[in-house]
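Got a structure here, written out as structure tokens. Questions coming.
Lettered A, B, C and D in written order, each chain numbered from 1.
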Amino acid sequence: MGSEYTNSEMMTVTAARALENGTTCFVGIGLPSEAANLARLTHAPDVVLIYESGTLQTKPDILPLSIGDGELSDSALTTVAVPEMFRYWLQGGKVDVGFLGTAQIDRFANLNTTLIGDYREPKVRLPGGGGAPEIATSAGEVFITLKHSKRALVKDVDFITTVGFGRDGKARDGVPNIGRGPSRVITDLCVMKPDAETRELVVVSLHPGVTREDVVEATGWEIRFAEQLETTPVPDENELSILRELKARTERAHSGQQE
Amino acid sequence: MGSEYTNSEMMTVTAARALENGTTCFVGIGLPSEAANLARLTHAPDVVLIYESGTLQTKPDILPLSIGDGELSDSALTTVAVPEMFRYWLQGGKVDVGFLGTAQIDRFANLNTTLIGDYREPKVRLPGGGGAPEIATSAGEVFITLKHSKRALVKDVDFITTVGFGRDGKARDGVPNIGRGPSRVITDLCVMKPDAETRELVVVSLHPGVTREDVVEATGWEIRFAEQLETTPVPDENELSILRELKARTERAHSGQQE
Amino acid sequence: MAEFLSLHDAVARYVQDGSTVAMEGFTHLIPFAAGHEVIRQKKRDLTLIRMTPDLIYDQLIGAGCARKVIFSWGGNPGVGSLHRLRDAVEKGWPHPVEILEHSHAAMACAFEAGAAGLPMAVLRGYIGSELPSVNEQIRFIECPFTGERLAAVPSVRPDTSIVHAQKADRHGNVLIEGIVGVQKEAVLAASQSIITVEEIVDELDTHPNACVLPSWAIDAIAVAEKGALPSYTHGYYERDNRFYKKWDEIARDRDTFTQWLNDHVLNSAESAGGQV
Amino acid sequence: MAEFLSLHDAVARYVQDGSTVAMEGFTHLIPFAAGHEVIRQKKRDLTLIRMTPDLIYDQLIGAGCARKVIFSWGGNPGVGSLHRLRDAVEKGWPHPVEILEHSHAAMACAFEAGAAGLPMAVLRGYIGSELPSVNEQIRFIECPFTGERLAAVPSVRPDTSIVHAQKADRHGNVLIEGIVGVQKEAVLAASQSIITVEEIVDELDTHPNACVLPSWAIDAIAVAEKGALPSYTHGYYERDNRFYKKWDEIARDRDTFTQWLNDHVLNSAESAGGQV
């Protein structure tokens, strides 16, 4: 049963469900922000959302277009300076989950948001690191959400902007004061988690209607599947309607003429 | 001419006059605070007073008993956290003059507010450094005011809490990013300045009625006098009446029952 | 002591060819009016520092003002690329621009250290990232107490910082409210500073711990009504998200961009508002 | 998530014999009520950290709670000495107390670094001072960019920090206003924290950049009306400067002090107000 929904909605709802109530989450803009706010509006009313613009415990009614929309500050418990945000709240160890998007991710969950190609002769120049490099190491753990494609999920990222488990899966071993790193990756096809030994990403759950072949086809390395491969639970009516309302509100606000 | 005044008043007025209008002054509690506020209430209405409690550009109506009286915050332009005060405003180079008191000072204007005697077996334990060690090195220059006595003005301080020019007068030579250090010392007998070569404190001005012998008698080293020894101008009526009103207001406020 | 100047005079006096300039404002309070004045005055060879270059640096780069950009996230927020930045970096148009990139945490700490008068910032940063391999200004030091390896970056000390704020009082004290970003740090870290404000008021009328920059920590104040548009000023006007989306089209093409620049900046008189 | 506890229960749970405890408040908002509860519960061997020990630590030291005091200015502000601190350091009464002393700048930076999760703070400090010769925790490092010699001190990371604040809302978010000192840093730097407040309100009703500590960054909140007396709470009551002056007499003599302690702390029930 369950209503009709798109792959994108499946991804967002699954990502939202990953966030437990009461968690303190440092939210990246875009997909993570959509998922985190859906969580807040459904099963996790007490999730604490932090954006790098300095807005602590914010409850935006519409999704911010930028990381520093007025909506974030207006609905925040308080807003601190950006150096304080990165020093006291992130580096100070107050964040349970860092929720990130990315342009590229590899099998060891390293993220690339810097460029495609060679650094000095880029084929495509991407925005760069932003908050991610330190979110990924200072947060207790990291959730990643992105659309599944061979272009995005590659064997080795062109550039490690933000470390997952490094080129060999061992980048966090023995490093003091570092978080657990990526603990799940949610795409529009499946959920992946790092293998306990090798840290290589493994599919642990397929979204309903998605086949192993679909995932293999859309992944840039020889993706492995967990022995106990699960089927991701479908979104429920409530989640879908709240998500759709949120997106409609957001669309209206962002396309409307500003006063 | 001029009215009657005490040695203390002479000291305070002379110290106040040292502070030019428009100067940004990091104020120590006690005598410096009295002098700095007298300056603000007389010739230097635009002097900017900063106290280490975080109060920026404060205009107390009564003298604070502590460095963090409510009066300081209530009358401040804004109040910042103490780490910000020391990092951005003092270390950041925004302070023209650091105005300090001290328990002991020596011929090279080193200050001791730590203890009399040996560190491990103190004869008298004093409060310690507080803000002074970094005020003395980060402010553009330093004014010092204290009562003249052989106990307070010693050849070598028991402990350098706060550097003037070091044990040999050369402590600032070649040090990057350091202020000019003590540029004048105002006591109830005279004004001293460091010798341009040796940095040893030299009397440049005697208060009216004070003799060289008075100063020699009250100084713990063989104090020298400038060739062009001046006589400190006497306080004027206005300064004296404003100072007395300030002290009377303060006395009433501090001895009155708090609500 | 802050001096009240026209925006033209403030930029003419405090921004020189070859200067290192930080125009800050974290999404909020981006000093677009001042940026446009820099473009109109045809300043050249600037080293531009900003955590998020945003449209303001896209415009300055496209207009040929920049020699180097130091940043930590160079996109059009929520929309996509900064096409002028990319065109300059990838194809050298209108001329090559050098980039030096950091993470946000490092740049925020570098501004903080600049305000604090220190030569460097220390953070637990860049662990496992390859950014240190392309930015030689990222180094590592050892904590003398624990032996932990920590990142160090040079502090940001611009020649001139430019920020936008809500208001100044008649003495030149400035209030910044809402998302305050690294604006205070940018101003305090710089040798010189210009602050554009929405208005000048008799009293700032604010709370005891407000983010107020005292007059004596500022060089010039210029009134620039709506000076942050298309970004926003908390309490005054909202972000023009539509323009941010529209910028994608304008900036994608050199000719469209040039036309826009001519129409809205170069051939536009200094205006109270940020021309969008 | 902050839990609302009685002051008794909060201290019983979060202050253990041998703990490192910071009770902060820079002249303003000194948590006297909490300090007295620590005395009543006869906590022992505490390492007490505070920039300005003030009367609160004089009382704790005289009551025999302290093993070590880390501070940067140990006087009775505007009055004179802390006689109980001196008696412990100079004569070992009621038992010897070890001291470790810093400058304010270093301690403020050490709190900041503690809040920032760093093992050390870096500052341009202690130049020419002899404090480094008596405090082996003051070291020097070299800036990797400029070669400048900078001071380094270990960050402050207390087991428990205790501060007083104006108010908490019903969710446990706390507002601190006025002279905010290093209270935010103390709370964020600590493994555990207790905040005493004047009152609990429905809404904090404050401004966008207020110093608010979120509930999830605090362990326990206890109501302690007038809990900062004889220091003060901005917006609630003033500093009792008379008591600060009177303390000089009380603390000068061991017997007078002991009598005062018995009358006003030990044999006094836990009270809403800080007994003075």
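Here are a few things to note about the model shown:
By definition in this document, a residue touches a chain if its C-beta (ideal position, glycine included) is under 8 Å from a C-beta of that chain, and two chains touch if they have at least 3 such contacts.
Note that the coordinates shown come from a computational prediction; the quantities given were computed from them, not determined experimentally.
Across B-D and B-C, the chain pair carrying more C-beta contacts is B-D.
The centroid of the Cα atoms in chain B and the matching centroid in chain D are 28 Å apart.
Centroids built from CA atoms put chain D at 40 Å from chain A. With each centre defined as the average position of its C-alpha atoms, the distance from chain A to chain B rounds to 57 Å. Under the contact definition stated at the top, the residues of chain B that touch 2 or more other chains are 73, 79-80, 87, 91, 138, 177. The multi-chain contact residues of chain D, meaning those touching 2 or more other chains, are 112, 117-118, 123-124, 146, 148, 178, 180, 184-185, 206, 208-211, 234. All chain pairs in contact, by the document's touch criterion: A-C, A-D, B-C, B-D, C-D. Of all the residues in chain C, the ones that touch chain B in their complex are 1, 112, 115-118, 173, 184-185, 188-189, 206, 208-212, 214, 216-217. Of all the residues in chain A, the ones that touch chain C in their complex are 29-30, 52-55, 64-70, 72-73, 79-83, 85-87, 90-91, 110, 114, 119, 122, 125-134, 136-138, 159-163, 166, 171-172, 175-178, 253-259. The touching residues of chain C, when paired with chain D in their complex, are 117-120, 122-124, 137, 139, 141, 143-146, 148, 150, 152, 154, 177-178, 180, 206-211, 234.
Those residues of chain D whose C-beta lies close enough to touch chain B in the complex are 26-28, 51-52, 71-75, 77-79, 81-82, 85-86, 89-90, 101-106, 108-109, 111-112, 123-131, 134, 146, 148, 178-182, 184-185, 211, 232, 234, 237-242, 244-245.
Residue ranges of chain B in contact with chain C, taken from their complex: 22, 24, 48, 56-57, 73-74, 76-80, 87-88, 91-94, 138, 177.
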